[in-house]
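Here it is, the structure, as structure tokens.
Chain nomenclature is as follows: A, B, C and D, assigned in order of appearance, with residue numbering initiated at 1 for each chain independently.
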Amino acid sequence: MLEPVTLTVDGRQVTMPAGSTILGALNALDIDTPTLCYDPGLTPVNVCRVCVVELKGARVLAPSCSRQAEDGMEIFTDTPRVRDARRMVLEMLQSSVDTSTAPTLLQYAVRYGTQPDRLEGGATVEQPVRAGDNLLYVRDYSKCILCYKCVEACGHDVQKTFAISVAGRGFDAHIDTGFDVALGDSPCVYCGNCVAVCPTGALMGRTEFDMRQTGTWDEKAQTQVDTICPYCGVGCQLRLHVQDNRIVKVSSPREHPVTRGFLCVKGRFGYEFIHGGSERKHRRL
Amino acid sequence: MSDLRVDRGGRAAIQRDQPEVPLAAPTPEEQEAADRVLARYSGFRRDQLLPLLHDVHAETGWFSEELTRYLSQRLGVPFADLYGVISFYALFKTAPAGRTVLRVCKGVPCYLHGAYELGLHLQELLGVGPEEPIGDGAPSYSWEWFACLGQCDYAPAMLLGEEAVRSVTPELLERIVKEGRETHGVSGNSL
Amino acid sequence: MFNSGGGTASYEDLEETSILLLWGANARETHPVMFLHMLKGIDNGARLVVVDPRRTLSVEAAHDWLPIRVGGDIALANAMGHVIIKEGLQHRWFIDHATTGFEDYKALVAGYTPEWAETVTGIPADKIREVARDFARAERGMICWTLGITEHHNAVDNVLALINLGLVTGKVGREGCGLNPLRGQNNVQGGGDMGALPDRLPGFQHVENDELRAKFERAWGATIPPKRGWHQSDMLEAMERGELRCLYVLGENPVQSDADAHHVEQLFQGLDFLVVQDILMTATAEMADVVLPGSAAWAESGGTVTSSERRVQLCRKAVDPPGEARDDIMILQDIANRMRARCRGIPSWVPYSSPEEAWEELRTLSPNHAGMSYRRLAEHNGLQWPCYDENHPGERVMHWRLWQDPLQGPRVPFLPTEYEPPVDQVDEEYPFMLTTGRRLEFFNTGVQTALYDSARPQEEILEMNPEDAAELGIADGMLVRVSSRRGSVVLRARADQGLYRGLLFMTLHFPDQVTTNFLTIHATDPKSGTAEFKATAAKVEPAELAVTGAGGATERVPARVQGGSA
Amino acid sequence: MAYPATASNLLLARCGLVDPASIDDYEAHDGFQALRRALEMGPEWVIEQLTLSGLVGRGGAAFPTGRKWQAVRAAQGEPRYVILNADESEPGTFSNRKLLEEDPFSSVEAMAIAGLTVGSALGYAYIRGEYTTATRYLATAIDAARERGYLGADVLGSGRPFDIEIRRGGGAYICGEETSLFNSMEGLRGEPRSKPPFPVNVGVFRKPTLINNVETLVSVQPILLKGGEAFAQLGVPGFTGTKLFCLSGHIAHPGVYEAPGGTTLRALLEMAGGVANGRDLQAVLMGGAAGMFVPLEHLDQPLIPSALTPLGLTIGSGAVIIFDDTVDMWEVTRLIAEFFAEESCGQCVPCRVGTKRQVEILHRFTMGHGRPDDEQLLQEIGAAMGDASICGLGQTAAWAVLSALKVFPSPSGDIGA
């Protein structure tokens, strides 16, 4: 086993097990660090750059989510350089992406005092909502900040389904099924694990999408209840989001040892039956 | 069946083929070209992907959706993943382009030596704007702007197919277009 | 396993094993989230070998696929045992230390050469040798199975053959090792644990054990019949004999889910009194004299369920059940009370006001569950039995005692089993072997999955080998008639490279369109009561040419139910 | 040019003199002598000479070459790889092309030396896809060298293997960045990886990898033949040996010029015949698109880090683009920004969005409707790109723009009108 490492963060010393990231150390010190593309269950891709910190002796800022903590590092998390970089990155995102359903991002934006209208008039990633190729979830890539989480979850890190990838490059880089084919022509298995990791609402369950369209989605009026999936015997914990006595969304807690937040198509979307249907055989007794 | 490869995280990763999605239906010409190239890459490894794509592209001039799907299924590289790679590289086309592509350098040194005027001249000669294919069915010629070609000491420069053409003058350009017209036998006012 | 029906290992072990035999299981479609743990295992270096007649989605992720002929499992397992022993790869220390009956096993498998097994399983002898060696030599190994093993007339023997393989290689009782059935429904494990077996009381305590029975009689203040009861197949036979006249069905749809559905339907029609308690108007409920509207325990009432890794977890109420639907535990108690009052004149008595109260009683009666309070279950994301007291963390790996020196507790026996072919044999008239299974997006008889907007069409499809299809002149999407010795159905066909010649595949998901169980055989395993859903001799003809009336099945052309895809 | 090599004609010594397709010609001009020497003296000696020479990477990052070779040699993990980085795509840079087209064998020889020194049996030459002529010459050279036993299973009877495979780029500037190049070689999108870990430990195929620019590798041969100390004595203490500069734009004789370390821009301008057509010099862009405009008062600064760094300048790849007094410099700046917007891989936010926003603002400048806070915005965008981008592309993509703001008259006035 490698020796633990001791580093200094904003003047405070912290000792971490070897292999920890800087973000791990920041968390240990309760330093609230913004992250958008980071997810503890996925390989860090460190592309959003809002978690950058100043590392003494380094030419540029370091992404705390993926940079390994080293013995003797001196880290600064709240210098003007760090704040400016974070603010600018958030401004850039706000100026190019519809962030209206990205509460975390908006919270950071307030924290760092962004002025996105300064960049107004520039190109955006505006494009039509992909809502027609299935009835389970909706892809609205005008809200996509290209955090790669959905690609990682669909691919190497979770599902190994590989239905989507990043395509194109530069400002035109985007999530793609390959020639933008409909999901039905892709290997998608509709597990919705991409939806589960999406931080901006670019991927959204159909029920939530429809309710937002009609203005009936109301998170304040919702309750969340943890239970176990009614399908196979794996024992996945479901978190039922309930509004007006109806299930409107199903997720799974990331910390649950069985699911780690990931589900299959039945668990995530197959809840309609308890609300019954119109045909006699589907009617609730 | 799977085939263990190494992804960028360094872990063994699974490449699966895609039984649920439609079987690829490339054109016979595309399939023949792909098969010819694939035959040279038996025991394909992922790191041979770029050379293989170059070879296929040299024969077909572009990657159609069906050709890409065919390659994906033959190579065991997921379709979306393969498209992601192809669409990353400027030399690979995902829309029909000319059999021969003229790439006019728009690097700063070429700009200083009249590259912009050269492009306009070409547009006039060919009658089409950048990245618009010419000809019916199998387009034979197209032209486009391209990032610095590294021929700055011979500016302005361009690529004719894969070959660099240096110190391009309007006269040279006219000759190239004329020869191209003869070689490709394209008639009509499109070329 | 070894006298308590639960997988010996945990999902965590799937991530730490070196080789995993996924046997008669298509976990990627039927247990998708467990398969994610298997994928992690592969990332960590494990080798995945899938034993399945079909080239399933799971196979796509595997290193090796053994395309076994339907019903050849014991032949394969015993041949692997043969190779292991012949080449001296057995775990000698473990066998000497913790098992009995090795010599009998050795003698039995001596006859199972890989060459002979090849003739039965269709798997090349050298491939059998290779996998046997890999499994035996691997530091850690696991075998996981599902209904491909247990939906056979010799289900228990199939399981025993796999257990023997685990014992001979010492792949049980250690981390990263184990023998695990993957449970098909969210509380198959819990139901058995709670005594929903003909011979067990809650906590796997045998009903024929006087001492254990007395314990429950004291707790319940009632007399318990001292003999084991009937399992489901026994019940059907009892109906046939006229001994069983009245049936109370809770949350099941046997008219559509049981093999040889025609026959089952007739038996149900012959009952004097049928009560169905369910949440939806299933085909079985349609036949009932009384229908009791229950609630969906996972979202409308609560309680516990137990998973394939023996993890007991809490279900919680999230929504109110509709209309007059009630919590099942209350319905049951009301019925019990009325029966007491009506038949015995005993006044009404409500022992449990909530699932938790029933659970608290269970904890006093089942040592395996004694340490699991609701509070702890909530705190720990569930606990794995056995969990003997409130300080016990639950058991990730069972039977670790087998590795203790000196050995704790009794030795475990090898139980050698012989290969037997499926009951329904192919012949000239019925040349195909039809096997059944699930598809990812659907579930059982479709009661739960018929209503959501699945992306794939809600339609039954016959899958068959492309060459077979070509020979019979069947093109993709064409209507075909599939017949067995018991009935016939009409549906669309699709060629699939993943099936060997002579194999057919259907599901049970759309019984209202295609009652696959008109075809299946009610040959049941006497030990478990499971029917042989996995092996039905069948024939296929283009439907246009088919003579009607074979087997008397209603010919129904499925209406294409459009899913979401454009 | 004359042969043998002279103080200012080390790397280009054979260019234009030998037949690039002839191994005989190469052998007749000191060819493969350095490889023989390296085999005779052993890897420690080679690394010692490199260290003594003071050679640093010529691709732009200027990392000491001896230390890099030593690090790969000492790295844990097998196999190891050597990569010739010939994905020369920096606008205004073409020295790799010249070396490969006119003296391809020296790259082959240097790769063999590198492979045998760091313990690698396989090298890759990654050449930008547009360099077809160079690719052909290099392929011919590799085959010829293999035939003569300079490559193959047993290099010159040493009992040790080394061979070279060529990989063509797909038209992506970013792939000159070493970690993007690795991903590209592995058949992936050419997106850069995070560093650390560094290539010397975790390179292509996650194995220790020595990756050097063509010019760096070609410098190895004269170092081994003349000795590291002799090489170091060319140039000045802050910049030893010689460096190739690519002069283009409004210059009388565009081309690759070799000069000892410590030379000045004025000296280079003079070597190349001064501003073309006798016009006045307006601006100099040093280091290509990823470089910066040099204030004309610094033409006499020695081109060494100790003099340039305080001025916020770097030599970069050695590209020197000359602009006469007729050029609209904000239009040039916009072109440079456009180049980065097109070549950004799109992976990280600052570069993906920042490069786009730069173009938009500069477009406003050239159209004559800049906004009051545009210059401030460019400063802030540039700072964020420089600080928070993943790789060198994003980190340097604002340099030219920021330097233009310093050097050229404010664009918010009537520029472009």
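In the analysis below, a residue touches a chain if its C-beta (ideal position, glycine included) is under 8 Å from a C-beta of that chain, and two chains touch if they have at least 3 such contacts.
These numbers come from a predicted model, not from an experiment.
Student: Quick one: most central chain, C-alpha centroids?
Tutor: That would be chain A.
Student: Going by the contact definition above, tell me which chain pair has the most C-beta pairs touching.
Tutor: Looking across every pairing, the one with the most contacts is A-C.
Student: With centres defined as the mean C-alpha position, give me the subunit A-subunit D separation in Å.
Tutor: 38
Student: Hey, how far is the Cα centre of subunit B from the one of subunit C, in Å?
Tutor: Here subunit B and subunit C have centroids separated by 53 Å.
Student: Could you put a whole-Å number on the gap between the CA centroids of subunit C and subunit D?
Tutor: Chain centres of subunit C and subunit D, defined by C-alpha means, are spaced 64 Å apart.
Student: Can you compute the centre-to-centre distance for subunit A and subunit B, using the mean CA position of each chain? Integer Å is fine.
Tutor: 35
Student: Residues of subunit C that touch two or more other chains: which are they?
Tutor: Correct list: 39, 61.
Student: In subunit D, which residues are in touch with two or more of the other chains?
Tutor: 172, 189, 342-343, 345
Student: Where in subunit B do residues touch at least two different other chains?
Tutor: Where subunit B meets two or more other chains at a single residue, that happens at 11, 13-14, 16, 20, 84, 88.
Student: Help me check something: in the complex, which residues belonging to subunit A touch subunit D?
Tutor: 45-50, 52, 60-61, 63, 66-68, 81, 84-85, 88-89, 92-93, 95-96, 118-119, 121-123, 145-146, 166, 168-173
Student: Looking at the complex, which residues from subunit C come into contact with subunit A?
Tutor: Listed in rising order, the residues are 11-12, 30-34, 36, 39, 61, 182-189, 278-283, 285-286, 291-294, 296-300, 302, 305-309, 311, 313-325, 381-382, 440-441, 443, 447-455, 512, 563-566.
Student: Residue numbers of subunit B touching subunit D in their complex, please.
Tutor: Contact set of subunit B toward subunit D: 6, 8, 10, 45-51, 53-54, 77, 84-85, 88-92, 103, 106-109, 111-112, 146-155, 159, 162-164.
Student: Quick check on the complex: what are the subunit A residues that touch subunit B?
Tutor: It comes out as residues 43, 155-156, 160, 162-169, 176-179, 181, 185-187, 189.
Student: Show me the residue ranges of subunit B that touch subunit A in the complex, using the header's touch definition.
Tutor: Answer in residue numbers: 7, 9, 11, 13-16, 18, 20-22, 65, 68-69, 72, 78-84, 87-88, 94.
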